[in-house]
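Look at the two complexes coming up: chain A is in both, with chain B in one and chain C in the other.
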Partner chain A sequence: MKALARGLILPATAVIGWELASRAGVLSLDTFSRPSDVVVAGAAAFVDGSLLLATLQTLQAAAVGLCLAIALGVPIGMIIGVSAATRLTVAPTLEVLRPVPPVALIPLSLLILGFGVSMEAAVVAFACVWSVMIATTAAVRSMEGRLAEVARALEMRPLAYMRKIVLPAALARIAVGVRVAVGIALVVAVTVEIVVNPRGLGYGMIIAQQSLRPDLMYAQLLWIGFVGWVINWGLLALDRRYLSHFANAGRR
Partner chain B sequence: MKISQYLGLAAAIVMLGGMHSAASAQTKVNVGYTAAGDFLPVFVAKEKGYFDKRGLDVTLTRVALASTVPAALMSNSVQIGTGTGPGLLQASEGGLDLVAVSGAARQMRSNATVSVVARKDAKIATPADFKGKKVGVPGLNSVLDVVFRKWLKERGVAVDSVTLVEAPFPQMNDMLRGGTLDAVTVLDPFRLKIVGDGNGVKVADYFSDVKDGMLFGFWIATRTWADANPAAVKAFREASAEAIAYIKANPDDAKTIEAKYLGVKTPGFASFDIEIKPADLQDYAAIGKDLGLLRKDIDAARLIAK
Partner chain C sequence: MTAIDIRDVSLEYGEGSGARLILSDISLTVRSGEFLSVIGPSGCGKTTLLRLIAGLVTPTRGAILCGDRKVDRPSRDRAIVFQDYGRALLPWRKIWSNVALPLEGGNIQGAALRERAIELLKVMRLEAVADHYPDQLSGGMQQRVQIARSLAQEPKIWLMDEPFGALDAITRQQLQDEVARLAAERNMTVVFITHDLEEAIYLGDRVVVLGAHPGRVVEEISVDLPKPRDQLTTREDPRFLAHRHHLFGLLQGH
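Presenting the complex of A and B:
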């Protein structure tokens, strides 16, 4: 409790200082708005449902993109991890694609997919697939060598080997890759909305700015920060509850 | 069921579907617009049902950046979008087959909504004063930028002696006040805000200086869509014309509609005109060639939907 109070000193001082400065006319209202106005604008957007709708739209695109990234990243990562021949064939191509900034794909995906959830999800998937794939490959490659020997001794078919041995052994580390990807997904989704896609929180923010409504813009900015914080908090909780247990069990 | 029965059922479903679409013969049109008062007639036509009664089921989507409209048209997520002269000409030279379907507004000397506005203490009063100065434009090669360069050139100021910087409209006011920029090319409502706040003074209504009555915003579509939907193009123009008459008769109500779509109210109205002539695009083609932005000659008449 005491720690919480201490942690609040800085933001509370900043907000009060901001409010006082704008009331005294030191800060321009067009640029900085006023904390009280921001709260009112945020509450209004919350009550009329627009903020919630935008949040769902952003989360939907981020989630679809993330699922795509997992659906592609995990199998590809597993194959690359298991088979040296595939790795040598595919790796150069992947290494060329990987540094392409996801944001640079926005015009292309707009041209192909148009406005909407699919183009946003496509850019998110491109941004997220790498961390999932790399985590998977690394996990598979660092797998206990004896597990492969067991599979050989049992004369397992490749698919069964992947499903029964490789995936369970790599799961904990794949989850770490997915966790990194979750953070990227939200950032990229909001970016796509700010740049082109007319839906979600990023779009709401840019439209508020263009409509000369800095109060609403700040409210949305704070809300995006809050949503990001909640997601991160949820992931940490999941991590503590399941993954750390998983990872330790694997290590023993 | 036998296969023939399945086929019969499928045929019945298809026929039912056909009947349904015949009963509601509204053409669905997604319209992408950028935030400018020039496009008010279309908002009014939507609100007053002028599209509906002509068989157009119009959905309006606000697009944050004008430069994304061509890509949105090509992907068919919008069928009609806002365009400008330089945008249309550069896109068609780049191989995107777009056409103008309807005019929106013109820049008149008597009713300019675009100006170049200088910071109060930047000491800019004449075109020559822009030499060595930093001027914000909403986008390089945007219509505001291109016509401003033409304006400078016509007045004997070398275009490369002025530094042109991209600056989004909402940030121009702050960038002027902060001294990052010496002047901005800006349209309403941002222009009025900057001048009203006392951060800038108007130097010139440079569009009407270049040519009084110059075409400003208009509506574009892909040629494929416009060719396939001539009735929709006609209905779009007619509905806009009816809306312009409504705006003249009911300015207060029109302002309320504007506020709903743009989030802000502007004091006056743009000079609406749904007419668009080859000569209008020829003006922009001449400017583009003069500034070295366009290489080929264009057939302006071909860029306007019939």
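Presenting the complex of A and C:
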């Protein structure tokens, strides 16, 4: 409780200072709005449902993109991690693709998929797949070698080996990569909405800005930060709850 | 009948000018149902020899035959009990599920799988911890889990690499007797690596002494002590002591 109180000192001071500066006329209402107005605007958007709808739209695109990234990144990362031959074949191509800024893919995905959740999810997937794949490869490569021998001694088939040994042994570290990817997914989804896609929180913010509603824009900004924080907190809790026995599966 | 036939096996690690000869011209046969102890100084290649028999490593020269088949890869007929039990268990699986691992994909499924695993745990007196995770168990119990798991694959040949090296004396003696009993009951052929001379004699029908640099056979003795053996009387038997004297001298000399 004490730590919480301490942590709140800074934001509370900032909000009070912001409110006072605004009322004293130091900060222009057109750009900086005012905390009390922000609260009112946020509450109104919450009550009329527009904030929740936009949140769901953003989260939907982020989640679909993230799932795609996991569905691609984990198997590819596992194969690259296990097989040196595949690694040598695939790595150069991946190294060329990886530095491409995800945002640079917006025109292309717009061309192919048009406006909507698909194009947004595609850009998110491209942005997220790397951290998932790299975490998976690293996790697999650092797997306890003894476990591979246990599997060999049991004449385990490749698919069973991947499923029963490699994946669980790598799971805790894959989860770390996924957590990084979750943050990226949210950032990229909002970015795509701000840049082109007419849906979600990013679009809501750009509209609020263009229609001279800085109070609403700030409300959405703070809300996005809060949503991101809740998601990260939830993932950490899941991790602690379900992955504790996977955590020490790496090489010791 | 011969269960394991090791013919002029040499093993090098590395290639070209960097090659190191680890084992040199090892020739050994193990009879079916025999308990062979292998002893030697640390680093002489005991583990390497066991890995060769398991099929995890292939010899540079020579060949190993099990039955009439040449060993070129691991087989479920040969179970290995690794020295480092802590790393050989799957930390994300409960104890019973670790033991069930070799049974999966066979003809036992579902609830019967767990039942069979529990039966095996009973053999090692571990049924009480069936639903624990490996990191909740002591070293001795973890090693018993690994032994139970190796029994699940119903091996003909049981390969053990200093399985009790890291355990306290009392636990070690208990496990020695359990392993001896199981090997006899199930008529398994055992290759038992140890660096403990008394353990080698106590358990073995025969003891092979390896020398170092490169690893090679320097002595083979038959242990003419009645079975089943007893922690007190066997160890006080004059023949036990005579073997001990003889081998102790050899090990000191190398």
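Points worth noting:
Criterion: the second predicted complex is superposed on the first by the 245 of 252 C-alpha atoms of A that agree within 3 Å, B and C clash if a C-alpha of one lies under 4 Å from a C-alpha of the other, contacts with A are read in each partner's own complex, and residues count from 1 in each chain.
Rule of thumb we're sticking to: a contact is a pair of C-beta atoms (placed from the backbone, for glycine too) under 8 Å apart; a residue touches a chain by one contact, two chains touch by 3 or more.
These figures come from a predicted structure and were not determined experimentally.
Following the overlay on chain A, a side-by-side fit with no clash is recorded for the pair chain B and chain C. Of the two partner chains placed around the shared chain by superposition, chain C is the only one that A:A160 touches, whereas chain B remains out of contact.
Look at A:P168: by the touch rule set out above, it reaches chain C but stays clear of chain B.
When the two complexes are overlaid on their common chain A, residue A:L110 makes contact with chain B while staying clear of chain C. Once both structures are fitted onto chain A, a short way to say it is that chain B and chain C open up an angle of 150° at chain A, using Cα centres and rounding to the nearest 10. Contacts of A:E144 after superposition: chain C is touched, whereas chain B is not reached.
By the touch criterion defined above, A:R152 reaches chain C but does not reach chain B.
With both structures placed on the common chain, the touch criterion links A:I194 to chain B but leaves chain C unconnected.
When the shared chain is aligned, no partner comes close enough to touch A:D48: not chain B, not chain C. After superposing the two complexes on chain A, the shortest C-alpha to C-alpha distance between chain B and chain C comes to 37 Å. The intersection of chain A residues touching chain B with those touching chain C, taken from the two complexes, is empty. By the touch criterion given at the top, residues 144, 146-147, 149-150, 152-155, 157, 160, 164-165, 168-169, 171, 245-246, 248-249, 252 of chain A touch chain C in their complex.
Partner chain A is touched in their complex by these residues of chain C: 54, 56, 73-76, 78-80, 82, 84, 86-88, 90-93, 101-102, 104-105, 133, 135, 153. Listing the residues of chain B that touch chain A in their complex gives 32, 35, 61-65, 68, 71-72, 74-78, 168-170, 173-174, 177, 189-190, 193, 197, 262-264. Those residues of chain A that touch chain B in the complex are listed here as 28, 30-31, 107, 110-116, 194-196, 198, 203, 206-213.
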